[in-house]
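Okay, so chain A shows up in both of these, paired with chain B first and chain C after.
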Partner chain A sequence: MADRIASSLLKLLTYIVFVISTAVILFPVFKGIRYFNPTFFTEFPSQGMTQGGIFPAIVGSLLLMSLVAVFSVPVGVLIGVFLSEYAKPTWLSALLRTTITTMTSIPSIVYGLFGLAFFCITMGFGTSLLSASFTLSIMTVPFVGGSVSNFLMAVSNDLREAAMAIGADKRETVFMVIRAAKTGILSSTLLGLGRAFGETAPILVTGAVFYATNLPRRLTDPIMTLPTHIYAVVTNFPEDAYWMAYGSAALMVIIIVAIYSIVQWIRRRSS
Partner chain B sequence: MDTEAKLVNKEIVYEMKNLSAWFGKNQVLKNVSLKIYRNKITAIMGPSGCGKTTLLRCFNRLNDYTESFRVEGDIFFNGQNIYQMDPVQLRRRVGMVFQRPNPFPMSIFDNVAYGPRIHGLAKKRGLSERVEKALKAAALWDEVHGELRKSAYKLSGGQQQRLCIARAVAVEPEVILLDEPTSALDPIATERIEKLLEDLSSRYTIVIVTHSIGQALRISDYLGFMYKGELVEFGETSQVSEDPRHELTQLFLTGRIG
Partner chain C sequence: MKRFLNFLFSSVVVLVSICVIAALIGIFAMLIHESLPALKKIGWEFIASGAWYPTYEDAEFGMLYMILDSLILVGLTSVVVFPMGLGIALYTTEYANRREREIVRSVTELISGIPSVVVGLIGVLLIGPLMLKIGAWTPFNLLNAVVSLTVLTLPYAISLIIESLQSVSRDLREAALALGSSKIRASAMAIRGAKHEMLYALVLIVNRVLGETMVVLMVAGGAVMLPRSLFDPIRPLTAAIASEVGEVELGSLHYSALFLAGAVLLVISAVITVTAETFIRRGKRWLTG
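Now for the complex of A and B:
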């Protein structure tokens, strides 16, 4: 009896959570998707954000994510491989592991502040695409590294021994382990980039402008991005500009759902 | 006398002398000495935890990567001390098959071709022949030759284990070590593997660890019995089974310990 009550209670809770999260996903999509038209995707905003589209924000986010992918994926994967396959179990590697876990839970605005101080000011990159992509990369590397190392460590030792027993050296054995974990590695990087894609605060202080008349031409030019555009619209413009925020939010949600669906599809296909 | 000694030595592939081994403070092998004879099947039996797997893994130095492992004593492989050899080179000449089938996450073909590839043993053409030969030697060819591109994970447990044997055979080692290779398999798959090992013993030296007395008696030429880290008994299988020197062996063979 108690078991049945507990299980129906858990079921009910699950349904509630499911309904709420679906609502969070669907609300901006329903509210924003009606503004989707060719103009919305291809034009600059105009008339105080009441006309035009979000073209520069889309391009900005794309450029930013490409750079973040280039900077953070190789480094993240290498750190993951090092932690799982090379690091000896010493206090130093334990410290490194703890640091990486801690870094994934530091508030993103702190990364923003660091980026502002280091990349924008000390390195002299200014408020720019470059500063923002370095800042987001520093945020993404620990997530990808930690996640990749978890996937590699989950690979059974049987496989490492199978490779060693046939005369594979360390490098060849590691490649075999990477091969076995490749869907996990791929989904780690996609999820890491998905997280970075939605970040607002760090870009706000290191690379974004509310309105740009031109697309960035150099790495040191500032950019518009989708999340910072939403922020700009709702904080600095009257309500008749809000539609643009809903449209942008709808696009972001669709992209994130697409990324997660790809991850799920990859995982299902491999199992 | 000298030439005779050499002749005898050619028949000895491995000679283990006074080997003791520890994981941390726990001594798992106690002063073990034995010889492994060429193209014979040597079986090591004993109850769980007696050290037989650790013993087997000494032959290809597969314990060495475990941080807490420590070893004393000597093992000679064709007269050469294995602790003075590059372990990667040693393992190229000594194949191993594990308790649970552990194919690589690759196609059937690539699994078998992996060893020859990393050791640069065959060009593209020779490679297919080598793979075919190895799969035939492992009695798997007839079942898989039409689907070599299929993932190895799609095979049954018994087929996977024969694939692992093929993978080991493909680099043409001198010795094949097997660690309870049939304990995860059903009786029919087990029988196939036992038959296969007898066929393979004409070309390879085989060392098999098993906790099945029946299996040890059926297939081995030499038989060792381990108990609590010691090699209690070692000799020709007929002698050990009919007239064991040690009481513990007698007790194990009759099912009263183990």
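Now for the complex of A and C:
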């Protein structure tokens, strides 16, 4: 009897909370998807964000994510390889593990402060695409590295022993292991970049402008991005500009859900 | 040649690893370096006073209220999110049928990646007007921040708690059921068995809320004060840093004070994490004798 009650109560809680939170999160998509049209994706915003589109923010986010991918994926994979395949000297490996745990728990705004002080000021890059991409890369590396090392360690030792037995050296063995774990590495990369794509505070501090009249030409130009554009519109503009924030948010949610769906699909296919 | 390539590759791997460690040291060094001027000039008043008037002629840099705002927000949000997450996780692991389990798992995962700025937008445009309807004098307040942060962290909490419940061996639970104990008893056993993992999950949730910036920046109201009710606006540390660092004069005392606020954030998070870990370690020693 008590069991039945507990079960139905928990069921009720789960259903209610689940439906509400899903609906709330999909709210911007419902509100924003109706503004999707060619103009919205290809034009600059105009008339105080009430007309035009979000073209420069899309381009800015794309540029930023490409740079973050170029900087952080190789480094992330390499430290994953170190943790899983070399792990020697032991103290270095232990230190790297602690580093990764610490870095993933540092709040994003602190990375923003660091990026501002180091990349923008000390290195002299200013508020720019370059500063923002370095800052985001530093945040993304530990996430990708930790995740990649888990996937590499899940590769059976038989493969390593077989490779050694046919005369492969360490490097060739490592590449075989990497190839065996390639879908895992792909998911780690996608999830890492997906997280970086949604980060707002660090870009706000290191590389974003709220309004640009042309696209960035150099790495040291500031950029507009989708997340900072949403923030700018919602907090600095009157109500008749909100549609643009809804549209941008809908686009972001769709992209993120697509990334996570791909990752789930990869996982289901490989298991 | 082959041996050289082999050597080169291992060197690159080790070198890159050292660089990542150096980056973390660099982050700490930079934070300390930039916050020292403020620490020297303001002294311990930064933590003893709540008066934060960084742009006044006679500027004051007391962070006490902002620190307390952060802690109040973290406490309230955890009190809401953790039990909700636990309930849903329990239902999913103990009672749900296969299909329900699949749905909860995959949907939680899909929405756990929603960017915080999108949740901030929801807080401003959907939850804000609701606040006015239920009698708040401002749409942006402590309650709005708690609700928005709940929306943001609940999926994360559910997956963490499901993971910790699953760390309890299935055998234990099935043995309990076979011995005729009720499902509630078996669930209670699962919770007790996973209490260390769950404490750790709680620490991760707390750290996530503590460091969350965009949502609190957009919906918490931004007034440096101690809230007397849920409808009062607050200004947690992260919101202060994010909103002020863009307008601050580089190298000024205010600039340095914002880095000090960042350092305070890290210290709070470290204290929480280390306390929990000590607790867990002591608990384990007690269990194993």
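The rule is short, and it goes like this: the second predicted complex is superposed on the first by the 248 of 271 C-alpha atoms of A that agree within 3 Å, B and C clash if a C-alpha of one lies under 4 Å from a C-alpha of the other, contacts with A are read in each partner's own complex, and residues count from 1 in each chain.
What we mean here is this: a contact is a pair of C-beta atoms (placed from the backbone, for glycine too) under 8 Å apart; a residue touches a chain by one contact, two chains touch by 3 or more.
All values derive from a computational prediction rather than experimental measurement.
Undergrad: When both complexes are superposed, which of chain B and chain C contacts more residues belonging to chain A?
TA: Touched residues of chain A are more numerous for C.
Undergrad: Please indicate which partner A:194 is in contact with in the superposed arrangement: first for chain B, second for chain C, both, or neither.
TA: second
Undergrad: May I ask you to decide whether A:103 touches chain B, chain C, both, or neither, giving the answer as first, second, both or neither?
TA: In the superposed model, A:103 contacts chain C only, not chain B.
Undergrad: Of the partners chain B and chain C, which touch A:36 in the superposed model: first, second, both, neither?
TA: After superposition on chain A, A:36 lies in contact with neither partner.
Undergrad: Does the superposition put A:237 against chain B (first), chain C (second), both, or neither?
TA: neither
Undergrad: With the two structures laid over each other on chain A, which partner does A:165 touch: chain B (first), chain C (second), both, or neither?
TA: First partner only, chain B.
Undergrad: Please work out whether A:259 is in contact with chain B alone, chain C alone, both, or neither, and reply first, second, both or neither.
TA: Second partner only, chain C.
Undergrad: Identify the residues of chain A that lie in both the chain B contact region and the chain C contact region.
TA: In chain A, residues 169 are touched by chain B and also by chain C.
Undergrad: Under the touch definition given earlier, write down the residues of chain A that touch chain B in their complex.
TA: 88-89, 156, 158-159, 161-169, 172, 176, 179-180
Undergrad: For the complex, which residues does chain A have touching chain C?
TA: Where chain A meets chain C, its residues are 2-3, 6-7, 10-11, 13-14, 17-18, 21-22, 24-25, 27-28, 75, 78-79, 81-83, 86, 92, 95-96, 99-100, 102-103, 105-114, 116-118, 121, 138, 141-142, 145, 169-171, 174, 191, 194-195, 197-201, 204-205, 227-228, 230-231, 234-235, 242, 245-246, 249, 252-253, 256-257, 259-261, 264.
Undergrad: Quick one: in the complex, what on chain B touches chain A?
TA: Interface residues on the chain B side: 60, 62, 65, 67, 88-89, 91-92, 95-96, 98, 100, 102-106, 114-115, 118-119, 164, 167-168, 171.
Undergrad: Quick check on the complex: what are the chain C residues that touch chain A?
TA: 2-3, 5-6, 9-10, 12-14, 16-21, 23-24, 26-27, 30-31, 34, 84, 87-88, 90-92, 95-96, 100, 104, 106-107, 109-122, 124-126, 151, 154-155, 182-184, 187, 204, 207, 210-214, 217-218, 238, 241-242, 245-246, 250, 258-259, 262, 265-266, 269, 273
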